[in-house]
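Okay, got some structures for you below.
What follows is subunit A paired twice: with subunit B in the first complex and subunit C in the second.
Showing the complex of A and B:
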C-alpha cells in the first residue's frame, strides 16, 4: 500500500491557544498517532463534507496530559501561537511577503489545473458512458434502461454530492464538493484563492518567542502516563462517566476496553461510585478500571511505574 | 421477569435514537467518510465494524493502515476557493489593526464590540443567519463575529485576510477619503494585506470569554458542532461574562388550573383533612377507605415544587458558566428566518467545561432555568392522561446544557418539572369507577414500567 506520510522531525511544535493545546499539521497528527499513540480529539469541520458531525477535521485538540507527556518525552514543545503569529504577521513585509503570496499563488494555480483536469476527465467519462449506453440501447430493449433520459446523467457525474447532505448543501452552499461545476466561474487563468491550514511548513519549525510553562495537568496524569506507557491509546472519557476511555489499539480500528477513573492512593472511594461505574462498564461491555499512584513507593525512574490499577466487573450471578 | 420486560420495552421504544448516539460515541473509521460523500451513499458505518483487540494478523494491520491513510487523506485537504460564492474578509481585531482605530466611526455604527471581521461581499446562503450590517453609511459593510468567521473559514467558505492600512478603501470605495485614494493610486499594486492560515485564524479569534473580538474554544466548539447540525445560532443576551446576567422579565399570565370533577367536588374536604397528622402512629389513620385518593392525600407529607411563571422567591441571577449563551432555531425554520427579527428560539444553550467545573448546584440550576422564559406544556399533544411523560419531559421551563470535555461534547436537557401536579392516584379511582378490567390492570402495568425506566 502506498503510504504518503511526510516525515516529521522532532521536536514537534504544539500550538497553545488560550490555554488549549492544538495541532494543525496533518503530518504531525498522523505521525503522533502512529509513533506515539497520541490520538487527541478532532474538533474542526471537514470542508469536503461540512454538514455532518460523524467525522471531524483539523485542528486537533490535545488533552493537557497528552501535551505534557510529549513535552516530557522531548517529542514536542509548546509554542504560544498568538504571540508567534502577531510577531510574524507584523513583520511580514517586502520580499518575505511576496514570497508568501507567491507560494499561495502557485498552490492556487495547481489547484486550478487539477480542477480543470478533473472536470475534463469527468465529462469524458460521462460521454463515454453515454456512448456505451446508446450502443447498449440499440441492442437491448429501451425499457431496461433507467427511466430518466441520458442527458440527465451528464451533470450527475460532476456532482460528488447527491447524498443526504445535499439538502443541507443547497441551503448552506456546498461549494468545494462539486469542483467542475464551479470551475467555469473563474474562466481566466487567475489562480484560485487558497487558505492554507498551517502557518509554517513542518521542516521550518517556529522559534519560540517566550516558552510557555509546562501544561498544567489534573491529578489523574499519573494514571494516564501509566496506561500510555503500557501501550494503550487514551481518549477523553466523559461520555462514559470516567476520566479516560482506554483502547487496546488505535481507536480507528478497535473498541475501547476500559473506562479508567483515577483516585488518590489513600482516598476513600464511595461504594456507590464503584457499583455505578461497574454497572455502566458492564452495560457497555467495557471494564471499569480504577487506579492510583503510590506516591511513597520507589520507582526505577520510569514514568507511571508506581501506579496500581484494578478492574471491576459486574458478576452476573 | 419484570426486568426482562423492561429491557425489551426500552430496546423497542427507541432503537434509532440508540443507534445514532452509539455511532457518535466512539471514534469513527475514516474509510467511511467516502461513503458519506459518494453519491450512492449517505450510508453510515454500522456498529461493530471494529475489532476487539489487536491479534497481530497482516489482515488486521492492513485494514488499520488503510483507515489511517483514509484519515490522513481526508485531513490533508487544502481549502481552495473555487466557488462563485468566493468571499474575502479582513480581520480588524485587537491583535492587528484594531477596528475602532482604523475604521471611521460612521462605518462602524450599530455594531457590537465583537464584530471584528469585515466581509467584502455576502454571497452564499450563510449570511442569512450570520453577520451584521453597520448603519449610518450608504454603502454598508457586513461584519462577522469571531465564531461566525472562524466557522466559515473552517468550512472553506471564507478567505480571511490580514489587512494593511489601505485594505479598507478597497472594500468600501469612498470619495471623501481622497488622501487614502491617492496613496493607493501611486502604488503599482494595491497592498491589500495577505491571507491568513486556518491556524492563524484560530490563534487570533480564540481567546478567553470576555476578551474583545474573541471567543473561547469551548463556546466555539459547541457553536461549530451545532452549526454543522444545521441550526441557526445567535448569541444570547447573557453572552458577555463581564456583565451580570439579566433576570428574565416574568410575564404575568393567568393559568387556569385543570380540575377534575372529583377534586372539584371533594378536593376541599380532603385537603383540610390531610393536615391533621398525629405526632406518632401511622400516617394513614386506620379506618374504612373507599378511594385511593383519601389514602394518598394523607401520606403526601413532603411539599412538592410547583412551577410558577412568577416565582415568589426568585433565584439569584445566573452566573458563569451556568448562563444561556446561544439561542438556537431549528433547520426547518430557516426558510422564514430573519436575523434581524428571528422570533422565539427553539432551544437555549448554556456551556460548561467538564474539567474546570463541578456538577451544578440546585441553586445554579434554578437560576439558569429562571433566566429562561416560561414554557409550559401546552396544546393538544400534551393533554390527557396518557401524556404524563410528555408533559414531564417537556417541563415548565427548559434549557440545554452542553458539557465539553477536551473537545468531546455531551448535551443535557434540564427542565423544571412538576411531579406534584401529576396525581397518579386520582386515576386509580377513576379506573375503579369505570368498572372495567382495562382501567385497573393494564393501566397500572404501563405506569409501573415507566417508573422503572426513569
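Showing the complex of A and C:
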C-alpha cells in the first residue's frame, strides 16, 4: 500500500462530470481517506447488475463540501472532464495518438495475461483436487473388499464412489493427454479489448484548461469545515435526518458520535426540532449537534473557526 | 351550602405560592412577566415532580452584571443530572480496583425555561451561555474535591458549560434536555 501511495502526488485532480465530483483511482481514494479524513461515497456498480445498491466500487463521489475543502487546502483541484476530454481528443494526433493506442494495447495484454494466469492456477488446483480424490478412491475401494469388477454397471451404491472416480479419472486423462488443446485456447496473442474509465492515462495529470469555479456548497459548509478541522470524519447524514454523521475516527472502525445539523446564526429553530433531534440522537447513543457560523464574531482567517456548536442530549428526567 | 364565603378559600396551591412569592422579584425586573411565570412553572415541576432543592432564579449575569436574556433557574438535583462518559469510565475502573462504590454527589445545574411554541436560534443559545458561569452559584453546594478526586477533571469548574433546557407544553408537560456549549461526546446510555 505504501508503494501505491507514492504514486499519489498532490494536488489530486478531481473529475467534475455533470455536476458530480468523482475520483477514479483507488490509490487516491485510499490516500484521501487515510491522510485527509475524506470518506466520499462509492457509487460504481457492476455493469451486469445496474440495480445494485450495496457494495459499490469505483468511482467515488465526493460531497461538494469535501471537494471544496480539498481545493481550499490545496490538496486537490477540479478538472472539468468534458472540457478536458474535448480538448484532448481534438489535439491528439500522430505520435500522441499512437502512444495512447499503445497504452490501451498494453493494458489489454496485461488483462489477458492476468486472466491466463488465473485460468492456469484454477486448472492446476482442480487437477490436484482430482488427484487427491483419485488417491482417496483407490484407498477406499480395496477397503470395501468387494470382488466384483468396477465396470459392473449395477445400481450398487457401494460402487458409486469408485465408478465416479473412474469417470473423473477419464476426464482427467483426457485433459492430461491433450495439453496442446488447452494451450491453443490461450495461445492467441490478441490483447483483450479494454474500456478505459478515464479519458487520460492516470500518470499524465491533466492540465486544467479552464479552472471551474469552487464547488458550490450548501450553507452547512462552515460546520463541515469546523468539524473536519477537529479531526472528525464526516459522512452524509440522511440516515438520521441530519446534515452530517460525525465520526470520531474512520467510519469503518467507529460508531458516529454526533448527528450534526447546521443552522444560520439567527435562523429560527422550532423547539420541536431540538427536542426531536435530541431524543433521536439519545435513542441511537449519539449526540444531536447543532452549529453554525457566528456572523458577528471576527474571523481569524482559518475556516470554520468562528463556528459555534451545541450538543443536545436527553436529560433523563 | 351557599357559595357565600370568599373568606374561607381553600388553601393556595403550591404553584400559587410560587407565583405569589415570585411577584416581588418581578417588580423592577428587566424581563417581561410571562418569562417569570414560565420560570415559576418550571420551578414547580422541578421541585415537586423531580425533587430538586435549593432552587433559585437568576436575573443578572454574574459575569457581566447585565441582565440575562431571560430569568434562568439554578438548583440541586436529587442525583447527578449528567456524568461525562470519560468520568464514568474512570469511576468504574476505580470501583473495580478498590471494590468500593463511588457515590456520585449531585452538582448544581442551570435550567433554562422555554415554551414549546418559542423559536430559538444559535445566537440566542450563545447569548445565554455567554452570560452564565460554568457552575451556578447558590446554596446547597457541596465541595467534595478533597474526598473524591476521581473524575474531578469533568466536574465542578472543570466541566464544560452546560444547562438543562426545560421545555413547557400547554398540557404542563415539561421535558428536559442537556445542552452543552461546544462539542461533548455523547453518553453511552
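The definition used in the following text is that the second predicted complex is superposed on the first by the 243 of 317 C-alpha atoms of A that agree within 3 Å, B and C clash if a C-alpha of one lies under 4 Å from a C-alpha of the other, contacts with A are read in each partner's own complex, and residues count from 1 in each chain.
Note that in this section a contact is a pair of C-beta atoms (placed from the backbone, for glycine too) under 8 Å apart; a residue touches a chain by one contact, two chains touch by 3 or more.
Source: prediction; values computed, not measured.
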Contacts of A:133 with subunit B and subunit C, given as first, second, both or neither: neither
Which superposed partner A:311 touches (first subunit B, second subunit C, both, neither): second
Subunit B versus subunit C as contact partner of A:81, first or second or both or neither: first
Subunit B versus subunit C as contact partner of A:15, first or second or both or neither: first
Touching partner for A:229 - first (subunit B), second (subunit C), both, neither: neither
First, second, both or neither for A:253, with subunit B first and subunit C second: first
First, second, both or neither for A:55, with subunit B first and subunit C second: first
Dominant contact partner of subunit A by residue count, subunit C or subunit B: B
First, second, both or neither for A:272, with subunit B first and subunit C second: second
A:192 touches, of subunit B and subunit C: first, second, both or neither? first
Residues of subunit A contacting subunit B in one complex and subunit C in the other: 248, 257
Subunit C-touching residues of subunit A, taken from the complex the two chains share: 227, 230, 248, 257-258, 263-272, 274-275, 278, 281-282, 285-287, 289-292, 294, 296, 308-317
Partner subunit A, residues of subunit B touching it in the complex: 23-30, 32-33, 36-42, 44, 50-54, 60, 62-69, 71-86, 88, 95-96, 124-126, 151, 153-157, 159-160, 162, 194-200, 202-204, 206-208, 214, 216-217, 221, 224-225, 228-230, 331, 334, 354-355, 403, 405-408, 410
Touch list for subunit A against partner subunit B, complex: 1, 3-5, 15, 17-20, 22, 24, 26, 29-30, 33-34, 39-55, 57-59, 61, 63, 81-82, 84-86, 89-90, 92, 97, 100-101, 104, 107-108, 111-112, 115, 156, 159-165, 168, 171-173, 175-177, 179, 182-183, 185-186, 192-199, 218, 235-239, 248-257
Parts of subunit C lying in touch with subunit A, wherever the complex brings them together: 50, 77, 81, 114-123, 125-126, 164-165, 167, 175-189
